[in-house]
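What follows is a set of structures to go through.
Look for chain A in each of the two complexes below; its partner is chain B in the first and chain C in the second.
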Partner chain A sequence: MSVLRPLDKLPGLNTATVLLVGADDALLQRLADSMLKTDCASELRVHLARSLPLPSNVNRPRVDLLVFVINLHSKYSLQSVEKSLHHVDASFFLGKACFLATGAGRENLCSVHRNTIVRLARTYRSPVLFCDLEVEGSRAAMAQRLARMLQISAGHVPGVSAMSLLSLLRSSESPSLEDL
Partner chain B sequence: MRSALGGGLGLQLELHFSAMQKTMDPYDAPESTPRQHPSCSLKEYFLAATPLQRRLESVRKQATSFVPTPPRRRIPQRSQLQEDVDPQKVAFLLHKQWTLYSLTPLYKFSYTNLKEYSRLLSAFITAEKQKGLAVEVGEDCNIKVVFSTLLGVKGTQSDPEAVLVQILSKPQLPSEDREAKALWTGWFCCVFGDGLLETVSEDFTCLPLFLANGAESNTAIIGTWFQKTFDCYFSPLAINAFNLSWMAAMWTACKMDRYVAATEFLWSVPCSPQSLDISYAIHPEDAKALWDSVHRTPGEVTQEEVDLFMDCLSSHFYRHFRIHLSATRLVRVSTSVASAHTDGKIKIICHKYLIGVLAYLTELAIFQIE
Partner chain C sequence: MDETIAEFIRRTILKIPMSEMMTVLEAWNFLSESQLQTLNLRQRKDSLAQSVVLLCEEKCASLSDAALLDIVCEDLDLFDIEQFKSSFKKILQRALRNVTVSFRDAEENAVWIRIAWGTQYTKPNQYKPTYVVYYSHTPYAFTSSSRLKSNIPLLGQALTVASKHHQIVKMDLRSRYLDSLKAIVFKQYNQNFEIHNPTAPLQERSVGLDINTDSRIIHENAVEKDKVQRITQETFGDYPQPRLEFAQYKFWKAAMLTTTPQTPTQSLQFHNRFLETKFKSDLNGGILADREEPLRCLIKFSSPHLLEALKSLAPAGIADAPLSPLLTCIPSRGMNYFKIRDK
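Up next is the complex of A and B:
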């Protein structure tokens, strides 16, 4: 079982790669399209995967940012993300991984409580972002945000590293280590 | 498709549950720490702590005190109706399909003016019907509206009394000996609504849960009258899949002498062009046996137990049919205690657990109002 590691390959020149992991293909495809449309100085590469581990026979670039996409309307997407988390090296959670929860706005269709995702993200010490990937505006805004995070994770922004971004994104209301 | 679990459930299902399954439920369970009233030092700053300020304080306290304890909820106890209520009187509430609404607090509603309200509402309905909305001759004028209180349909002493509104058809001929037929019934109640009661002033009456049975047009007319008279707001209460799974677990946990119906779930599969429905029926005793094996502390239900219960059912289904029920949406839950649909429809079957069911629905209604 291969584990995804952040630093096992050399980086490409001015390229940043993001891997979107999620059970819902249509949503991932739309998010990928939005991300590719954003205006970005570096060359963005977006890879999609339904679950980890990835097949090892394909030659792929180093992953700079790992985004786990969870659809709150489907418990299955949460379960597949939880299974995929076992195949990720721990050093990814030092700012190179984040959780994206979609569909919180439509409360009537939610099968998963949003606090489940919040707790999952807190366990993995990673940021959690909420948006609605089915709405064009929200998706475009989130794509821009992810593109910026990707640039920082790939080291293309001088002065800001993935770890410093992680400490900036941590909200002041999150509990200290003893509470968990 | 129907899948029936026979005797001897295969409970050696390997389910990996790590610590991160613990979740936080935002609405307060009845036995969690109650919201504190503003302390004395705050009162020195504010000359009069208005209800709005009190509500802001409680919301602020709730937001900042993120206590990560796993949520628990009390299993509805057997008969919590007070001794002075007659079970026969509330028997008409059972076995009827009610549509749920949440209602904001009523301004200057008084229990002594019920006859006055009956008269005003009758006049309003007659006027509305004669406006030309329903062009029928004769029938509509012979209606009578009755307001009454339902004694005992509440959780604690501080809950306001439940109010029942009925539209009855007056008998056409005085010589006929038949009783007035109820054309439309609606009732307001508040069961364990402590969270809301603390934050409103005395002019308001909190009856956040409204249940209606009858023609939709009548519900709309009565809703309009209440909104105009008491400055409140109705909104339909939908129940999402997360809450339906909680209801399934809580109602399966209830001890019953006799099961009148199978435990049934209905899932909606999102696919085009038409969505498919999967119906999954289990023998109620098997469901109870499964719940008992999952359940740990008596008297409390936790999020982990609910998730484990539903996951056991899903994995059993997957083993037979290779369909992940977790990718579908739970739409309806039906047990011997009650049955609920995601559109906000409920039918209560067992009178022993009436208060328990209403308590959970009141919690959902209060959550929607806030």
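Up next is the complex of A and C:
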């Protein structure tokens, strides 16, 4: 039971749950607050975890979207996410997972290069998003984007599935997948 | 009078230097004037002690009188502040003809000393003085960092001799905040200050929780978070940390070179308990090639308030708890400059 699976539970009525995974608790908290402030037709639930696997004795809803939050200022943050990735079922990476890198703007504080995250995301065939979670405006915009992605992953948007969104996002990146 | 009391008084008398003997006995206020006058201060100390004991027997000294004598001795102590100052000044003036030494007495038996250094031929430079704070009832002195490094051994010597010690040792502890240095050295940092309103901190904590209890947000790793908080509290305590700006670690490590035949780079892996460090250089080796001497590595942590920053690392999710003991031992060992040899 230590591997997180996307479809092992029944969905809740009009509910969409996102799991934010990252070592930096304060940033996750702020992102969660921003996401809940967005105007969203579905009922949102946000779960915050420092790392995976999650404690197994808890009754929790199905996770519709998995967001790995990496703070580019902290190598520890990257290592924590890399360890957590081992506990995720592969089917999450069919559009229900993405990487979020924060802090690229302040280069003098970055100890992780943004290309490291780009390569990591390519390895897992998942989109990578960049923002600055410490800045209100950037965070609010990202929260709206994530809320929309969450709705799609939970199946609340007719005509668009997680997989189709994934292929839409991928076409804007570099086309050569061998380039790893 | 008891045998044991007599012996105790005798031994206490033997501990008092002859120069202070009369002062102590008068301050004790047990023996009468006439009795004190019968004492011959020119005789040897053990004979004097015997005479005092006999006088005490005449007056039937009790244990509490003997204890009072002991307290009076401690109070007058072996330290005479004026003697220290004149001795200190003389030593410096004998060594360097031109030197300005000033004193100021402060609270807690602290003597502030200002020294402007000159040489045999030049007048003292009043713009680059050294400041020393000596706590007379402790074996510690705090000095400001001096640009004129050549005078430091002389300063050490003057302090040692004037304070009647044998040796002076430089501690690897530096900070811009004298109060923090005092707190660490006198072990006064681990005190809780929240005595006035014990309920206040609890209220603060629950208010913090209220902000977070939007029921739509669930923290999955609450157990781990509590564990990290607990470990942090055990390591750093609840009290404010003394203020330091730096921690510096010097490492020496014998070089271990590994070459992989295929790749044109030589890389050196440098593992120590603290940090994983990798050095890479190209084929010609550079500083890594054919290295005989050990590699020296210096790691410096700096912060406006280093210990508080270290304390917040694990709760902020930037490091694992518990932190390396090399970081957490700073206040308890009283050092923030370390030299570590990897064996």
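We adopt the following convention: the second predicted complex is superposed on the first by the 171 of 180 C-alpha atoms of A that agree within 3 Å, B and C clash if a C-alpha of one lies under 4 Å from a C-alpha of the other, contacts with A are read in each partner's own complex, and residues count from 1 in each chain.
Going forward, a residue touches a chain if its C-beta (ideal position, glycine included) is under 8 Å from a C-beta of that chain, and two chains touch if they have at least 3 such contacts.
Not measured: the values here are computed from a predicted model.
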Chain C versus chain B on the shared chain A, clash or fit after superposition: clash
Which superposed partner A:Asn115 touches (first chain B, second chain C, both, neither): first
First, second, both or neither for A:Arg5, with chain B first and chain C second: neither
Partner chain(s) touched by A:Thr123 [first = chain B, second = chain C, both, neither]: first
First, second, both or neither for A:Arg30, with chain B first and chain C second: neither
First (chain B), second (chain C), both or neither touched by A:Arg148: neither
Touching partner for A:Tyr76 - first (chain B), second (chain C), both, neither: both
Superposition clash, chain B versus chain C, among 25-33, 79-87, 97-105 or 259-267: 259-267
Chain B and chain C contact sites that coincide on chain A, given as residue numbers: 23, 74, 76-77
Interfacial residue positions of chain B with respect to chain A in the complex: 19-26, 63-64, 66, 68, 238, 240-242, 245, 324, 326-327, 329-330, 342
Residues on chain A engaged by chain B in the complex (per definition of touch): 23, 73-79, 82, 107-113, 115-116, 118-120, 123-124, 173-175, 179-180
Residues of chain A touching chain C in the complex: 19, 22-26, 29, 32-33, 36, 43-51, 54-55, 58, 60, 74, 76-77, 80
Residue ranges of chain C in contact with chain A within the complex: 212, 214, 216-221, 223-225, 315-320
